[in-house]
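The following pair of complexes shares a single chain, chain A, combined with chain B in the former and chain C in the latter.
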Partner chain A sequence: MATQHSRSAARIMMAPAVFLLLVWMLVPLCMTLWFSVRDFRPLRGGDLGFVGLENFGRFVSSSAFWPAVATTLVIVGGVLLISIVLGVMLAILLDQPMWGQGVVRILVIAPFFVMPTVSALVWKNMFMDPVNGVFSYIWQFFGADPVVWLSEMPVFSIIMIVSWQWLPFATLILLTAIQSLDSEQLEAAEMDGAGPLSRFGFITLPHLSRAITIVILIQTIFLLAVFAEIFVTTGGAFGTRTLTYLIYQRVLESQNVGLGSAGGVYAIILANIVAIFLMRIVGKNLDK
Partner chain B sequence: MGRITLDKVRKAFGDVEVIPPLDLTIDDGEFVVFVGPSGCGKSTLLRLIAGLEDVSGGQIRIDGNDATMVPPAKRGLAMVFQSYALYPHMSVRKNIAFPMRMAGIDQAEQDRRIESAAKALNLTDYLDRRPGQLSGGQRQRVAIGRAIVREPAAFLFDEPLSNLDAALRHGMRLEISELHKRLDTTMIYVTHDQVEAMTMADKIVVLQAGVIEQVGSPLELYRKPRNAFVAGFIGSPTMNMLTGEDAAKRGADTIGIRPEHVTISTTDGTWKGTVGVAEHLGSDTFLHIHPDSDPSKTMTVRVDGEFTAHHGDTVWLTPQEEHIHKFDAQGLRIK
Partner chain C sequence: MARAVTNQRKALNTALAWIVGLAIFFPILWTILTSFKTEADAIANPPILFAFDWTLENYSEVMERSNYGRFLSNSILIAGGSTILGIIIAVPAAWSMAFVPSRRTKDILLWMLSTKMLPAVGVLYPIYLLCIRLGVLDNRLAMVVILMLINLPIIVWMLYTYFKEIPGEILEAARMDGASLKEEILYVLTPMAIPGIASTLLLNFILAWNEAFWTLNLTSVDAAPLTQFIASYSSPEGLFFAKLSAASTMAIAPILILGWFSQKQLVRGLTFGAVK
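On to the complex of A and B.
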């Protein structure tokens, strides 16, 4: 099939899709770059002309910048930690033969199909509400004062919501990795005198290392862009303003497209640094 | 020491009894081969001895002590798996050291045992490589090395050569036999290949559907198979089985004659037939002959490599009467 002729035919047929993807990606990117060097305030005078790199300086020197970076890192790190630790445990649990395995696996994966906005609203109104939430009933049942989750521990609450969404993804990838572990290896380790914990530490965990790296890579890229969960819960208040949310505020709340675009360019650079860094780890893992 | 006794050991998965109660004694220092067609329960039996499966009934004794409920690691047995089951993320050295590390043996002793095992198995140059960088035969040797350093009471091999190509398999067969002579430790070896069984074993256990058909030395099984199944399973090419008039004449339901015990002639003999396929091995030739009395049947005859016969030639076959095996209607040997 792979003759010269069929290969060029394939290229021609792929071209429209590739072209569409390129335009889809390049147009917003170019517009972001263009706006980032202009002083553009739609409701306060419109496009006020070229300002060079001034937006970039102002975005970073703003008092909201470093706290936003810190919040972003805490949320990304927290979600990664929770989803991987619980994900490994759940994957091991789901790998055990049990009755109704198929149904249980689908149920575990289900949260991944719920839209971020919806799940955040469900958490906010049905679980974390200090008056009517399920948590407040549980706290009251034990005689404790209900926690006002979103204002008393806002960052933790958001980590919890986002972890709930991403746990299924981590579980799914880790489960497939665990299933590919050769059972004879575990049996060999058992005969070699390794107890359950040693078998986990010496055989299962190293076997999972590549899957864990991939989960970290993919989740980090998506978690850097977490937005809906913050928008519908705290609205960026109580120290939950991430870099993404700060950009949103600059563009829509302050109506300063130029400043927001400069933040967007920073976000692109940051995401690319993470991606390159993690790709190298994955590449190294694949060499083994 | 490594004397293993199975006493009425039985294994069932749910309602399916894969091994009905079975007795077997394996003496210290013996090389025992479990052989049988696939699905006959030989691997399950080995895993019961290893402790990787729980017995459904009966008792396993190792050196006289009841080991039925003892966890695998405490039985003092080492196992070599079909897939080698090496730990891919550890170097060869760490793979071999793993059981000692788990047992808490001190570093100097570990190093000493690794060096001697590596030397014995020609692995010294590969100690710092990972299993993925080794060939099949080398991986097999690492798996054996990992078993040796534990200094077990007995070695268990689960079809260890089935993933190797023919030439390597022959070499490893010799190496394992030599290892057995040198260590003088009990070895239990599972295979479906009767050639491995014949060449390596002190004692062969032929299994079918979880039942022991016969236990004996390779030549005992070859010369005096207890029933038609063992007769057909042991020996290559397989024994010719004849029923009907020829069998009735000798007072049996079925008679068996091995290909090497048939005399061939181009002029006269007991059975007349036509040559079908001739397999030339050089030293020997296996002729597949269709007897004229029933051309749909095939008889295999082993002749000297110098004997020339071509497709379609007419030949006469004469069985050597003293080598004819007689079986009754139940397939049991008639003495």
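On to the complex of A and C.
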């Protein structure tokens, strides 16, 4: 169908995008790989030569590594759990007939559009501040001692802030998926005497499984890279240093580029493991 | 049978949904309200929801002190510039992938997606170093290019899924009528693709506006957008709640309004067409 002429035209039209992305991906990637095998400290002597895989070993054996891995897993896992469980419940609720559905949808989706630095600062100061924050008023109202959120339960606080930003995303996607569910199937099940719980467990949830998988994969990739929320609230203190933040500190704060780059290679491998699963789903969808 | 309870259940759903919706929206509402309070009212105990002396003082003070205009224009320039540049590069690519697919099209699309999955922190130093060497650290044009590259995969993908929905028969008919490739794109395809291009534009403007890893690490003064403006309030200065709220409201208001228009496209854009 396509002529030779349009084929070569197509190739030319694709070229700029492909070329730019190729350069954008390969050049920094090669540089990171190069730095990761060198002892490179810009502020202390510069490039001190080839050190083999030493940086990779040192990055993993440093005392900060395993806590950072644990923090990363807790934050990613916590946000996923909250946003999926509440997201499914919210999506089902928003799918019911009601008055003012459009407005409620807008209210629910709004946090996703808030700049990460703004949401982190607003939560940190206006809600979690132990003296003047909204939470401290609520605690005082019930006669409890206000919690110093960001130093007493720092990881939980960050999970809360990040969940607030990502719950709307999960809800919106799950709601879109729920709306494609055939309501006749649910009605038939109801007539056959299936209660609300079994209708949810045997019809709604299986129908949502694909959307849930996609939400998990996409969010995982973004959550592994959470940065601004930590940068603005705790600056990595109180055990809130994630893998991403640890690498950032190695590279830009202590300017140990070799070590940080080795960490970067680990982060790339980790993200790729998640990405492979996501790509498989997306790829299957392309064939349809 | 179900009809009889409908109204009662509907009322219950409505009440529940509104409570949950308002709870989720509350931090934003609280920020907007606080921005119109005096500093004393902002930290009043018990908190005042509406019955305070409304004032615009915080806005004028924030504008005076922190050169808000420069941050705002940087944000508009960086988000707008990167989006438009991205669209210009992505439209031809998405067009050719949608209408002249080859065996490799799927691989190219998935590969583009994979570049988006690359963790930014993994390539932070190389990009930082390149910016220094090229003398473009804290440079607006460099930020336009970098944010364009970050969002290019999403732009190509969104446009691709929109173009895919345009029936190929129309193009064939135009071709039969003797339309050249250029005419085909200009007069047949473009008018049909405008809604898709518009929503791509909107969503990517939002994503670029809120981008906070590269803008925080690669800008300081000259090219600093609103993400930096807000981050500068994380110092003890941030304890002035009313001013912090005014600054926050100014940073999120434009995008909140745009965002409400684009919620439908959000799903398509962020799931790469896997959920529709």
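As a working rule, the second predicted complex is superposed on the first by the 275 of 288 C-alpha atoms of A that agree within 3 Å, B and C clash if a C-alpha of one lies under 4 Å from a C-alpha of the other, contacts with A are read in each partner's own complex, and residues count from 1 in each chain.
Operating definition for what follows: a contact is a pair of C-beta atoms (placed from the backbone, for glycine too) under 8 Å apart; a residue touches a chain by one contact, two chains touch by 3 or more.
Here the structure is a predicted model, which means the values were calculated and not measured.
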Which superposed partner A:130 touches (first chain B, second chain C, both, neither): neither
Partner chain in contact with A:114 - chain B first, chain C second, else both or neither: second
Comparison of chain B and chain C by chain A residues contacted: C
Contacts of A:100 with chain B and chain C, given as first, second, both or neither: second
Touching partner for A:67 - first (chain B), second (chain C), both, neither: neither
First, second, both or neither for A:207, with chain B first and chain C second: first
Those residues of chain A which chain B touches in one complex and chain C touches in the other: none
Touching residues (chain side chain B, partner chain A) in the complex: 50-52, 71-73, 77-79, 81-83, 85-89, 98-99, 102-103, 130, 132, 146, 150
In the complex with chain C, residue positions of chain A that touch it: 1-2, 5-7, 9-11, 13-14, 16-18, 20-21, 24-25, 27-29, 31-32, 35, 90, 93-94, 96-101, 103-119, 121-127, 129, 132, 134, 137, 140-141, 164, 167-169, 172-173, 176-177, 180, 210-211, 214, 218, 221, 224-225, 227-228, 231-233, 244, 247-248, 251-252, 257, 260-261, 264-265, 267-268, 270-272, 274-275, 278-279, 281-283, 285-287
Interfacial residue positions of chain C with respect to chain A in the complex: 6, 9-10, 13-14, 16-18, 20-22, 24-25, 27-28, 30-31, 34, 42-43, 45-47, 89-90, 92-93, 95-97, 99-100, 102, 106, 108-110, 112-115, 117-130, 149, 152-153, 156, 172, 181, 206, 209-210, 212-213, 216-217, 226-227, 230-231, 233-234, 238-239, 241, 244-245, 248, 251-252, 255-256, 258-260, 263, 266-267, 270-276
Residues of chain A that touch chain B when the two form their complex: 182, 184-185, 187-194, 198, 202-203, 206-207, 209, 288
